[in-house]
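You will see subunit A twice below: alongside subunit B first, and alongside subunit C after that.
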Partner chain A sequence: MAILLLLPALALVAGVFLWPLLRYGWLSLQASSVLTGLVPVPNGGANWQRLLADGRFWQDAAQTLRFAGLSLALELLLGLALALLLHRPLPRRGLVRAVVLLPWALPTTVMALGWRWILNDPFGPLNGLLQSLGLPAYGFLSQPATTWLFTVLADVWKTTPFVALLLLAGLQAIPSELEEALRLEGAGPWQRLRRLTLPLLAPYLLLAALFRLAQALGVFDLIQVLTGSGPASSTESLALYAYLNAMRFLDFGYAATLMLGMFAVVLGLSALVLLAQALRRRLAEMAP
Partner chain B sequence: MPTALPLLAALTWSLLPLLWQLLTSLRTPEALVLQGPSAWLQGWTLANYRQVLQGDPPFWRYLFNSCLVGAASTGLTLLLAIPAAYGLQRQRPALRGGISLLLLAAAMFPYVLLFLALLELARALSWGNQLLALALPYAGLSLPLAVLLLRAAFADLPAELEDAARLEGLNLWQRLHRVLLPLLAPAIASTAILVFLFSWNEYPIALTWISRNDLLTLPVAMARIAGSSVYAVPYGAFAAATVLGGLPLLALVLVFQRQIVSGLTQGAVKG
Partner chain C sequence: MAPGALALLLWAAVGLVVWAWPRPVEVSVLMPAPFADATAPLVAAFNREHRELQIAVTRGPLDTEALSDLAISSLLLGDTPYDLLLMDVTWTPKYAAAGWLEPLEPLLGDNALAGMAPGAQLGNTFGGHLWRLPLLADMGLLYWRTDLMDAPPKSLQELAATAADLQRRGVVPWGYVWQGRQYEGLSCVFLEVLRDFGGHWLRPGDDRQSDLDSPEAIAAAGWLGGLVRSGVTPDAVANISESESLQIFGAGQAAFMRNWPYAWAELQKPGSVVAGRVGVVSLGNGTQGSWGFSLLKGSAHPQQAAAVMRWFTSEATSRDLAVRFGYTPVWQSLLDDPQLQEQLPLLPVLRQALECTALRPLTPLYAQLSDVLQRQLSGLISGSGSAEAAMAEAQRQSTLLLRAAAPGA
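What follows is the complex of A and B.
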């Protein structure tokens, strides 16, 4: 009986998540582009062969990985610092939390546009700062070697509050008596963090890492508005390449293949994170 | 370690980029490219706001569209998620655990890679350029988190409560409506605000489903404004748009900060 209450929601969830994946599985085995008049024609594994030999796919995969890797590392680090800060007794606690949350709540495209102005060459405030220090203006968004770092900056600015709140929940679940006991043993703040807080926070860190990893690997809005994949495709992500194939080149068969390729990357890396966590726990248990 | 300095750093880090937008939005194009301290004395204007508000369509139209989609998505999500959460809580632990795990995986899923198949659906069903139709994919994308959050809230209620109501002869609808839901109000509020924020901010699906200029939601309108003039220097109008687009969120976060925080943290504790 109770299962009936569950069914409408599960049906919609399946329609939104499961159907696309099945559909991509089928589409990835079809030629479906302007060349076929957008009519799907089975073409064996041609899309998959093309994917494996597609230098742009692999380049975008590498670019997406470095973006996600650096974003994730910075967000966990800064998120932890922010969570430790918010965990303290603060004046005007509600207001402080609201202000800290704000970057996360704003639409990504809105602040991506804002960052484009902040990073503008030569009139943006960041270049204004450089120039007032007597330094030359820097093309933050026009240097293929470094522009991706500023997409990371914008992402870290936006999503650190989210990580911080997840970790704050973990901090609040730690009994304060434990911390007190360690303090009485003479453990300093750094030792308390390493011996008590971090181990107890591990499940929350894992959850935040998995969540942020998947989202960062799917980065789309931010890059489309901030850099438009440029300069010279140096910030193009997998999602943007798939979007380009679907909406610009109208090659649905290959776009579907790219989506599945991206899904495989997300799945593989998430499994790797889970595996690393399991291994770490195993080692910790084996240690005397 | 003292708290004041890191606190100041955190607040500055969060607010400075936003304040800079506010500042930019109040300056004339000429003033924005001026250098030196004397630049601050001149060139203040409200013209950027006038330009944005009198655009075609006027900016408030995008805000209205986003509000409409957000409200419809939130309503639909709650309508489906509340019974589903109740039903999930009533399952055997093994099944409940399995379904919860799948929902958690769906909640984390980088949903951008679903857009192509969803666009095909929208075309097949002629849902393109229908604002309210967006509520369906948005509800589908929000349901995993919503069901998990509400399930955790149902689990917190003492089981005797519902048993007592059942002995009183209340049927399922009456038990939910009169006894359980009032107690769940805080969890429902948290869920609602998170779903609303997601719908308000969603980009790839709105981008591909809506093409008519007067039906765009706010995030897509912002991206279109951005794309229309990639290398133009006068950012005043852009900044005015970011400020206007950010203000409703600012209000929302200030008012519902507690619900947002508890929603996110509850999700972490019990999801």
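What follows is the complex of A and C.
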């Protein structure tokens, strides 16, 4: 009986998730490109051999992880600070919250164009600021070593409000009596944060981290508009590489392989996060 | 009979007539929004004059690649709603190899391109078939400041020397701006320099071989890298596309700019700092970048679509688009027309530029080849490695790509 009730949901999951995944798996075992006239021809795992030997895939994977890691860390930190701030009784709290949410409401391509202009060398406002301080203009988007940091900056600017919103919901679910009780016991703000707020916020932090990690690992439009993967492909992400293969090169077999490779990376990382969480809980239980 | 029933009958009769009335054939065209807007009045006039044949234009995205994405998505679904697609020159072999295009010679005859400027005829045929009918020509041009020098430079070496000299004397902050962002524009810039140095992208006579590690190609890449290293071109070029270079040159901050013909009108607009102080010359080997119509496979009415294509690219339409929007005509007769030359001061330059344009390699793998080249050049101009190493790597990867395309070759 239970399985019958589950069936519609299972069918939905299978239809929108499992079927495309299987289809990708099948496509990744075919040569299907302009060279075959887009007709799939089985090529005996050649795509997978190519993936393993493809330096660009591994470089992009490392760059994507680098981007996602720093973005995630900064967003959780800033998002937490912002949520704590918004949780306090502020004057005109509704307005402040709306303003804080604005970046999240902007379409990514629009805000990426905005950042491309802000970071423009030499006319952008940021370089204007540097020059008014007597400093030379800096090529924010033209240095392979540092340009990725500014893609992170733009991403943090846009998505911190999302994290803050999630964490704010978590903060509001914490009964205020607990906080008052701790305060009466003489706990300072830092202790209250560490002993009460953070542990109770943990599920929300985890949720925000998982959401953001999945999104950041699939980053596409921000980088496409801001840097076009450059300079020297130093900001290319896995999603951009897969897109390039599918839509520009019309190499669907390899694009499917790349997508699955990327999927494996995301899955592995999410598993790691969940594992770390479970381990932490186990340790906490074992502690006296 | 009740009046209600009578009215019902009357409406039914009207409905029947409307339903049975011969409906006009509608030819659906997908093109970038600016072209759709420019041709809108002409299309409206055409639709008024032709009861039996109507043109429905879809305004696609402005960005070249975004338009390609939209078209490809519709083609992959199998039943594209468009009859005609306005295509960039580099797409033709890829779309043809994917089996998305109808060859045009059965509809337009074997001499459809006769009468067009030599530079405009290139890039429309591939594998022995005509796939595209050009609407307008486009090519890389050199913009220079008439108030800073008496005549434009005659060679790249002279250009670099003049630019450096003007910078040294503090006349302009930058010498030469071009498109160095990692995208198609960088390949276009490089191809022009490459041809100027006497090099080729693919080996002449054997287009299954890449020729990017020739001494000429290394010298060309070295020249571009040298511009950045010597400060003639700003470091920022690594993220500069057409609009950013126009900004710098338009603000009077550079002595030279490489750009497409559209920049001319932008520089003449009221408020432009350099209006009246800009000259344009052919680069000698300007990269060809034209737009043209292709007939998509599966079109329900190819004959009518061909007629629409002919009308869009006719001399009359071309003249109108040239006068009103400065679109470079492809017809030699229009390029030679004294009256038109009077109306469009840039026309003689464009005419000369169209005598010799550089064509990007005609292969279904062009996007991959260009991507490989862009990566290496972007690395070179943003400051890591030598021109030899960059070109050797570009050659290695291009060779792998081309070998996969022609196993056994």
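Quick note on the criterion: the second predicted complex is superposed on the first by the 269 of 288 C-alpha atoms of A that agree within 3 Å, B and C clash if a C-alpha of one lies under 4 Å from a C-alpha of the other, contacts with A are read in each partner's own complex, and residues count from 1 in each chain.
One rule holds in what follows: contacts are C-beta pairs under 8 Å (C-beta built on N, C-alpha and C of every residue); 3 or more make two chains touch, one makes a residue touch a chain.
Computed from a prediction, not measured in an experiment: that's the story for all the values here.
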Quiz item: Looking at the combined model built on subunit A, do subunit B and subunit C fit side by side or clash?
Solution: clash
Self-check item: Contacts of A:D121 with subunit B and subunit C, given as first, second, both or neither
Solution: second
Practice problem: Return first, second, both or neither, reflecting whether A:L35 touches subunit B, subunit C, both chains, or no partner chain. | Solution: second
Quiz prompt | When both partners are placed on the shared chain, which of subunit B and subunit C touches more of subunit A | solution = B
Practice problem: Check whether A:S142 is in contact with subunit B, with subunit C, with both or with neither, and answer first, second, both or neither. | Solution: second
Self-check item: Partner chain in contact with A:G253 - subunit B first, subunit C second, else both or neither
Solution: neither
Quiz item: A:G79 contacts which: subunit B (first), subunit C (second), both, neither?
Solution: neither
Quiz item: Thinking of the overlay built on chain A, is A:F162 touched by subunit B (first), by subunit C (second), by both, or by neither?
Solution: first
Quiz item: Looking at the overlay, what does A:G228 touch: subunit B (first), subunit C (second), both, or neither?
Solution: both
Exercise. After superposing on chain A, check 2-10, 20-28, 38-46 or 56-64 and name the one in subunit C that bumps into subunit B.
Key: 56-64
Practice problem: Jot down the residues of subunit A that show up as touching in both complexes, subunit B in one and subunit C in the other. | Solution: 116, 120, 123, 228, 247
Exercise. Quick one: which bits of subunit A touch subunit B in the complex? Just the residue numbers, please.
Key: 2-6, 8-10, 12-13, 15-17, 19-21, 23-24, 81-82, 85, 88, 90, 94-103, 105-118, 120, 123, 125, 128, 131, 157, 161-162, 165-166, 168-170, 172-173, 189, 204, 207-208, 210-211, 214-215, 217-218, 220-221, 224-225, 228, 239, 242-243, 246-247, 252, 255-256, 259, 262-263, 266, 270
Self-check item: Complex contact set, residues of subunit B against subunit A
Solution: 1, 3, 6-7, 10-11, 13-15, 17-18, 20-21, 24, 32-33, 35, 80-81, 83-84, 86-88, 90-91, 99, 103, 106, 108-121, 136-137, 139-141, 143-144, 147, 197, 200-201, 203-204, 208, 218-220, 222-223, 225-227, 230, 233, 235, 238-239, 241-242, 245-246, 249-250, 252-254, 257-258, 260-261, 264-266, 268-269, 271
Exercise. Could you please specify the touching residues of subunit C with respect to subunit A in the complex?
Key: 65, 68-69, 72, 94, 97-99, 181-183, 234-239, 244, 247-248, 251, 253, 364-365, 367-368, 371, 374-375, 378-379, 381-384, 404-405
Quiz item: Considering the complex alone, what residue numbers of subunit A touch subunit C?
Solution: 34-35, 37-38, 116, 120-123, 137, 139, 141-144, 147, 227-233, 244, 247-251
